[in-house]
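Note that the chains are named A, B, C, D, E, F, G and H in the order they appear, and that numbering of residues resets to 1 at the start of each chain.
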Amino acid sequence: SSMESHFGEFIVEMEKSGNIRERIRSLASEIEATNRVMHAGLLLAHQPLPIPEVLKKAESQRGVLRDLYGRLAEILHECPGQYYRFHGDWRSETQTAVSLLSFSHWLETGSLLTHAEAENKLGLDTSEFGLDIEDYLIGLCFMSNELPRYVVNQVTNGDYDCPKNVLKFLTELHSAFRMLNLRNDFLRKKFDGMKYDLRRVEEVYYDVKIRGLAPVESAQDHITLDGG
Amino acid sequence: SDCGLCCVREARAAMTSPGNIHVRHLLGVNDKRERVVKASRDVTMNSKKVIFQVHRANKDNKEEVLSKAEKDLAATTEQHMSRLVKELQGTDFWKLRRAYSFGVQEYVEAATFCRFCRKGSLLGLNEINSTLAPLSDQNDEPLQINALDYLLGLADLTGELMRLAIGRISDGEVDYAQKIRRFVQDIYRELTLLAPLMDDNAEMKKKMETMLQSVMKIENVLLTFTAMNDHGGSTGDGNHGRRLRRT
Amino acid sequence: SSMESHFGEFIVEMEKSGNIRERIRSLASEIEATNRVMHAGLLLAHQPLPIPEVLKKAESQRGVLRDLYGRLAEILHECPGQYYRFHGDWRSETQTAVSLLSFSHWLETGSLLTHAEAENKLGLDTSEFGLDIEDYLIGLCFMSNELPRYVVNQVTNGDYDCPKNVLKFLTELHSAFRMLNLRNDFLRKKFDGMKYDLRRVEEVYYDVKIRGLAPVESAQDHITLDGG
Amino acid sequence: SSMESHFGEFIVEMEKSGNIRERIRSLASEIEATNRVMHAGLLLAHQPLPIPEVLKKAESQRGVLRDLYGRLAEILHECPGQYYRFHGDWRSETQTAVSLLSFSHWLETGSLLTHAEAENKLGLDTSEFGLDIEDYLIGLCFMSNELPRYVVNQVTNGDYDCPKNVLKFLTELHSAFRMLNLRNDFLRKKFDGMKYDLRRVEEVYYDVKIRGLAPVESAQDHITLDGG
Amino acid sequence: SDCGLCCVREARAAMTSPGNIHVRHLLGVNDKRERVVKASRDVTMNSKKVIFQVHRANKDNKEEVLSKAEKDLAATTEQHMSRLVKELQGTDFWKLRRAYSFGVQEYVEAATFCRFCRKGSLLGLNEINSTLAPLSDQNDEPLQINALDYLLGLADLTGELMRLAIGRISDGEVDYAQKIRRFVQDIYRELTLLAPLMDDNAEMKKKMETMLQSVMKIENVLLTFTAMNDHGGSTGDGNHGRRLRRT
Amino acid sequence: SSMESHFGEFIVEMEKSGNIRERIRSLASEIEATNRVMHAGLLLAHQPLPIPEVLKKAESQRGVLRDLYGRLAEILHECPGQYYRFHGDWRSETQTAVSLLSFSHWLETGSLLTHAEAENKLGLDTSEFGLDIEDYLIGLCFMSNELPRYVVNQVTNGDYDCPKNVLKFLTELHSAFRMLNLRNDFLRKKFDGMKYDLRRVEEVYYDVKIRGLAPVESAQDHITLDGG
Amino acid sequence: SSMESHFGEFIVEMEKSGNIRERIRSLASEIEATNRVMHAGLLLAHQPLPIPEVLKKAESQRGVLRDLYGRLAEILHECPGQYYRFHGDWRSETQTAVSLLSFSHWLETGSLLTHAEAENKLGLDTSEFGLDIEDYLIGLCFMSNELPRYVVNQVTNGDYDCPKNVLKFLTELHSAFRMLNLRNDFLRKKFDGMKYDLRRVEEVYYDVKIRGLAPVESAQDHITLDGG
Amino acid sequence: SSMESHFGEFIVEMEKSGNIRERIRSLASEIEATNRVMHAGLLLAHQPLPIPEVLKKAESQRGVLRDLYGRLAEILHECPGQYYRFHGDWRSETQTAVSLLSFSHWLETGSLLTHAEAENKLGLDTSEFGLDIEDYLIGLCFMSNELPRYVVNQVTNGDYDCPKNVLKFLTELHSAFRMLNLRNDFLRKKFDGMKYDLRRVEEVYYDVKIRGLAPVESAQDHITLDGG
C-alpha cells in the first residue's frame, strides 16, 4: 500500500541512526572501562607512594582514551550537526574522564587542567567535536570531591604541606565557579556540593596548623591567598 | 480432555524422576528451596555470632577469643553449611542462588574476618571452597561458593574491619589500624575494577558506596590519631607521648 | 587569577545557551497551549456533530501553530548544529501537535498525514529544522490511541460504517509500523500499545457485524482488507 | 602483590562470564527479532486468509529459531551447570517463542503443543539444556491471550465454527492448568489472565449460538462444555 | 571494671530466669524469634497450598476438593500453627508479631476462603481462635490471633474471591459470582470504616487499593456477563441462551 | 540577657499559633472520620438498593459536617487573615467532603452541586471563611472518579437508563472544566484523569446501546447532547 | 449550559490568583539572585581580610533587597488576607536573606539582629506584611551554621580571640532558642542542628585554649559566660 | 447484618486501642518535654558551674518523670500483655530519659546507673511494665555521646582531672558492652558510635597529659588503661 511505501523511507534512516547509536554506546562502554583502570591507578594516591609511580598507571591509559575519542569523533563526522543527538550516550563517561585527567594533572603540576588542555588530552578539536563546557565543569566538580580524602591521607602519610596547597587551589576553583550564573540543574547541584569539600580541607588545614605542623607561611603566601 | 491430561501427565511423570527439580517444585511437592532458605538463615545467624565474637578480642585475650571464634565458625560449617552442601548440586547452584546467597555472603564475611585477625591476610575463595569439599560425601559435584557471593561477602567485611580499626585505635594499637587501612584500601581498589564486571551489579554498587564510607572512616580516625600526634603545643618539643606507644 | 580569567570565557557562552533554552521553553509552552485548544476542538468529534464543524476549530489553530514553529526555527538558526541540544525541550509538544494534525487530517480525508505533509503543516523545511522522524511516528501512535474512543462514540451515535473504515486504516498503519525495526525505547513502547487500539476496534466491528448492523461488504472490500 | 593476583583471577573469570552473557544477549535479541517476524506472519490469522498461507511464513522462521537455539546451547555447553545463571537473559524470548509455536501448532492440528514437542521444535535436548517448564507454561498463557482476538476476527470473517472449537480447547487447557500448584507469582498472574480469555471466548460462542449462527450441537458437546 | 561487670552480670542473671526473653535474645542465646519465623514460613506455604486446592473446585468435584482442602487446613493447624502456639505466650504476641504476622494472615486467608466456599459466610475471628485453643495444653494464655492480622488476612481474601468469581462465571455459575460480588462489596465497605483505625495502617491502606481493584474486576466481569446478556441483536427476542443457565 | 528577653516575645505568639494549629488538626481528623462514615454509606449506591435508602446514611452526617465546619470557622475568626496559613491542615478533608456531598447531590437531583450550594451545605459564608475554589474543583474530580463504577453496577442491577444520564452529566462537566486555564499542578493532574472516567462511561453506554438495552432516544435528547 | 456559566465565574478568579503567584515567583527568584551575590561577598569573611572590606559588598545588596521586598509588599496589598496563601513561594528566600543580614550584622556589631531590625532592613512594616517569626528564627539557624567554619578559618588566619567571642554569642543564642517550645517541624530540626555548631566552636576554643593561644580571661569574662 | 455486627466489634476494639495509643502518645510528648527541661539543666554541666547546682534542675524533673511513667503504667495495665504493641510510641523518649538519668547519676556518683536503678528512678516495676533492656542500653550509648563534649568543656574550664576519670569510666562501659551479642542493628550502630566517644576522650586525655596538666599517674592507672 502507499502507507507501506511511505514507511519504507524511514527504514533506512532509522537503521542508520540506530547503527550510529549502537557504535557510540559500545565506544562509551570502552571509555568507561578505561576510566575504571585509570581510576584504580589514581586510588594509589591515597597510599604512601611517590607521585610519579601513581601517575604512571593513569598515564598509560591516556593513549587509550585518546584513541577511543578519536574513534568517537570519526563516527560523529559521519552525521554532521548531530553531536547533541547522541550526547547523552557518552557525556557521563566524558565527565568522569575529565575528573580523572584533571586530578592527575593537578597531582603532576599543581595547577588546573584548562578546558583547552582537556580537549587536547582527549584529542578533540573544537571545530566539529569539542568538549562540552558543562561536561568539563561537572568533571572538575567530581575532581574536587576527591581532594578532601587525598588531603587526609597525605597528612596521615606525613605530608603537612599538602592541606595548604589544596586549600589554595580549591578556594580559587570555588571562587572561579561562583562567577558563573548557574541554572538550577545538575551542574549547580554538583557545584553546591563543592563547598563541603572546601570546608573539609579547611578543617584539615586547621588541624595541621593549630598543632604547629604546617610549615611557616611567608608573607608572599598571604598575598596569594588574599587574591584567591 | 486429551490436552489437559497430557500436560499434567507429563508433569507427573517428571515428578518421579528425582533429578528434575523444577517440575516437582511447580507441583508443590518439592520444598527444597524452603529447606535451603532455612539453612541459609541459620548460616547467617551463626556467622554473625562469630563476627561479634571476634570483635571481643583485644591484646590480652586475643588468642583465646580467636580460637573460640574459629571453633564456632567450624561448627557453623559442619552443622549448617553442610546442610546447604547436601541440598545443592549442579544446576541448583545458580537456580537457587537467591535462596542461599545472603547466608553464604555472611559466612564469607565471618571466615575472612577470622583469617584477617589471625594472620593479617586475605582468605581466598579456593581455601574456603576446599573446606567445604569434605562435607559432601555423596555428591560428585560438591557445592562451590561462587565468586559473586565471595566478593559480596568481602565487601561487607570492610564494614567489620572499620569497626575493628576504630576499636584498635582506642586500645592504642595504631599500627594495627594502619595495617587495616592499607588492607581495606587495597580491597576497595581491587573491587573498583571488579564491581562493574559482576552479574547484576546493582547490589555491589550499593556496597561499594558503603565500603567507601568505611574506608574514609578509618582514614579520618587515623588522621587525628597518628599524623595529628600533638607535640605539646606550638613549641613542638615532643618526641614522647602517644608516639611512644606505637611499635 | 588565571583561573578566573579562564572561567570568564565560559560566562558568555553559558549565558547565551541559557538564554536560548529559556526562549525555546517559553515557545514550547505556547505550543502546548495551542495544542490544548486544538484538542478541545477535536474532542467534539466524539459527539454527534458534522465533521466539518468539528474541524473548523482545529483548523483555526493551524496558523497559530505554524507561526510558533516559525519562531522556533528562527531561534535554532541562531545556533547551527544544536537542533538536538534543545530537542528535549519541545519534542513532547511536537508529538502532540503531530497527533492532532494527523487525526484532523484523517477525519477530513480518511488517509494518513505523511511526514512531508506534517512538516508542511508545521511550516518546517527539512534543510535545517525538520520534523524528527521519531517524533512524527510517536505522534501517529498518539493519534491511534484516540481511534477506539472515536469508533465507540460513532457507533453509539448511530454511524455503523465507521468501525470498518477505522479498522482498515489502523490495520494498515499497524502493519506499516511493523516493517520498522524499532529499538527498545519509547517509540517501541508506544507502538506496542497500538495493538490494543487495533484489538478494540476489531471488537467494535465484531459487535456491529454480528448484529447485522454493518453495511453489507462488497467483494472489493475483501480484497482491500486482504492486502492490509 | 598476592592480593592483586587473587583478584586478577576474578577479573578473568568475570570477563569470561561477561563475555558469555553478552553473546547470550545478542542471541536473545536475534531470537526476539525472529519471534517478531513469526508473529507478524501469524497476525495474518486474524484476517480472512486460508490457514496454510498463514502458517507458511511462521514455518519459515522455525528453522532460524532452531538454529539460534542451537547456538545458544553451544554457548551454554561452554559453562556447564550455569544454565540458570543466564536464564533471565533469554527466558522472556523463549516464552514468546513457545507461545508462537503453540499457536501455529494449534492452528495446524487443533491440539496442544506438548512440552516435548516444544523442545523438539526448538531443537533442545533435555539432558543439559532443556526447556524450563515454567517458561513452557507461561508461553501457553501468552498463546491463550491471542485466542479471544482470533475468535472475534474469525466470526467477523464469517467462520462460525471457530468459537466452539476454541472454547473446547481453552476449557481443557484451563482445567489442566488448575491441577498445578502455582506458587510462582508471575505464572499465577498469567494463569489468572487465562480466565478472562476463556470468558471472552465463551461470550462469543453464546453470541453466535443465540443468533442461530453456530452449527448444531450434539448432546455430547454439551456435556464436555459443562464439565469444563 | 565494676561497671562493666554489673551490667553483664545482670544480663547473665536474667538469662537464668526463663520468662525474660528479651535479655536472652540480646545475648544471642535465645533463638525463639528464629523458630517463630520458621514456623510462620511453613504456615504460609501450607496455607497457600490450601487456597490453590480450593480453586480447583468446580460444580462436579466441589465436595471432594473442599473436603480435601479442609483436611489440609486442619493439618496445617495441627502441624504448624501449633508450633506458633507453643512458642508464643503473653507479651510475645505483640513483641514478636512481625515475625509471625505474614503466616497468620495467610492462614486467615485460607481459613476464611474455605468457609466461604463451604457455606457462603464469613468465618469470624472468634471461631478461628477457638480452633487454636485446644493446641495449647501447657499455656494459660494460648495464642490468640489479633484483630489486625485477621483483618489484613481478610483483605487478601478478596483477591482470591476475585479469582473465584471469574472462574465461576466461566463455568456458568453467574449467580454464585453475584453472591461473591455482594460479599466482597460488603467486606470492602466495612473495611473502609475500619482501615484508618488500625495500628500502623500503611499496610492496610495499600491492601485497600488492591481490594478495590479486585471488587471492580468482579463488577466489570459481571457487567458484560449478566446485564449485557445479549437478546439476539437489536430485535431483542431472546429469553433463551445464557440466561437459562442461571437458576 | 537581652537575647532572652527578645526571644521571650516569641513564646506567646508561637504558643498561640501552635495552639490554633492543634485545634484545627483535631477538627480535621473529626471531619475525616465523618467523611469516612458518609463514604461508607454512599458505597451502598453500588448495590441494588433504592436511592433514598442510600442517601439516608449520608444525609445524617451532613449535620455533623456542618457543625464541624462551624467550629473550624470559629477558630479562624480568632486569627483574621490567616485562613491560608492553616489551609494545608484541612484542605484534603474538605476536598473529600465536597466529593461526597456532590455525589450524593447528584444521586438525589441529577445535577451538579454548585460552589455556592457546597458552601451552603458546609455552612460556610464567603465573607471570611469560604470554600477555596480549587478545593471545590478537586472535590468534583474525585466525584467523577466514582461514576464509572456506579454506572457499571447500576447496569448490572438492571438500570439501563443510567449510562446515558451519567454520560451527559460527565460530558458537560468535562467540557466546563476545559474552559479553565489550569496550571500544571495537582488540580490539572486530577482533571486529566477525568477523561478516563468519561471514556469508561462511554464504553458502558456503548455496550448497553449496541445490545439494544438503552431506551430509545427522542430527538430532544440529541439536541441536549449536541449542546453539551 | 448552566454548568458552563457556573464555571465561567471561576475563570477570572483563577486567572487573577495565578497571575499574582507568577509575579511573586518571579520576584522570589530575583531575591534569590540577590542573596547569592550577598553570600558571595560574605564568603570573603573566611579569608584574611579586614571586616569592613568584607561587609562592603554585602551592604551594597541591601538596597536591592529592600527594593524587592517593597515590590513584594505591593503585590500582597492587592490581595489582602492572602499573605499565607503565597507564603510558600518566597519563604525559603526570606530565610536565606535573614541569615545573611544577621551574619553581616554580627560581623559588624557582634550582636544579634533582632526581629524588628530584620524587618527594618527588609523594609517591611508589621501591619500587613511583616516578617514571619518562624522564617526569622530559621534564618538565625542558618546563620549559626556558618559560624564554625568562620571560627576555624579565623584561627587559621591567626585570630585567636575569635573562638571565645563566637562561643559566647552562640551559647546565648542556643539557650535563648531553648526557651521556645518548638513543635516537631522544620524549625525544630534546624534548631537541633545548632548544637553541632556549638559543639564545634567549643572544640576550637578548647584547641586554642589548651595550647595557650587564647588570650588570658579576666574575671568578668567568666561571669558573662556563666549567665549565658 | 451479621457481618456488620462482626465488624462493629472490631470498630469498638480499634477505637479503644486507638484511644489508648492517643493517650500514650500524649504522655510520650509530655515525657519528651520533661526530658527537654532536664536536658537543658544538664547542659549547664558544660559550663564552669559547681556540679550540685547543675544537678538541682535535673533532679527537680525526676519527680515529674516518675509521675508520667506512673500514668503510663496505669494505661498499660488497662490492656495487659500489650506492652510491646505500643512500645514504639514511647521507646525513644525512654531512651532519652535513661541517658539523662544515667548522665546525672554519673555526675553525682561517678558510677554507672544500673538497669535496676534506672527502673527504680522511673518508678517502674519489672512485673508488668519494666524497662526494656535494649532501651536501657541505647540510653547508655546516648549518654556516652555527651561525654566527649563534657570533657572538652571541663578542660577548657580548667578541670584537668576530668579526662582521666571519664576515660576510665568509658573504657569500662565499652568493654562491658563488648560482652553482649548485639544483633539488633540500631543498638549496634549506637555502640559503634561509642568507640568514637572513647577515642575522643582518650585524645583529650593525652592532650592534657602531654602538656603536664594532668595530675601524676600511678603505675596502677597505666595498667588499667592499657587493658581497656
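By our rule, a residue touches a chain if its C-beta (ideal position, glycine included) is under 8 Å from a C-beta of that chain, and two chains touch if they have at least 3 such contacts.
Just so you know, these numbers come straight off a predicted model, no measurement behind them.
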(request) Look at all chain centres (mean of CA atoms) and spot the one farthest from the centre of chain C. (result) H
(message) When I count C-beta pairs in contact, which pair ends up with more: F-G or C-D?
(response) F-G
(request) Could you tell me the distance, in whole angstrom, between the mean C-alpha positions of chain F and chain H? (result) 49
(request) Using mean C-alpha positions as chain centres, tell me how far chain B is from chain E in Å, no decimals. (result) 38
(request) Compute the distance, rounded to whole Å, between the mean C-alpha positions of chain A and chain C. (result) 41
(message) If a residue has to touch 2 or more other chains to count, which residues of chain D qualify?
(response) 179, 181-183, 207, 211
(request) Would you give the residues of chain B that are in contact with at least 2 other chains, written as numbers and ranges? (result) 28, 45, 49, 52, 190, 193, 224, 230-231, 233-234
(message) List the residues on chain A that touch chain G in their complex, please.
(response) 171, 175, 178, 199, 202-203, 205-206, 209-210, 222, 225-226, 228
(request) Show which residues of chain A lie in contact with chain C when the two form their complex. (result) 1, 3-4, 6-11, 13-15, 18, 21, 80-85, 87, 112, 114-115, 133-134, 137, 172-173, 175-177, 179-183, 227-228
(message) Residue numbers of chain B touching chain D in their complex, please.
(response) 1-8, 10-11, 14, 22-23, 26-28, 90-91, 93-95, 97, 121-122, 124, 141, 147, 151, 186-187, 190-191, 193-194, 197-199
(message) Looking at the complex, which residues from chain H come into contact with chain G?
(response) 33, 36, 40, 43, 46-49, 149, 152-153, 155-156, 204, 207-208, 211, 213
(message) Quick check: in the complex, which residue numbers of chain E touch chain D?
(response) 45, 48-49, 52, 55-56, 59-60, 163, 166-167, 169-172, 221, 224-225, 230-233, 238, 240-242
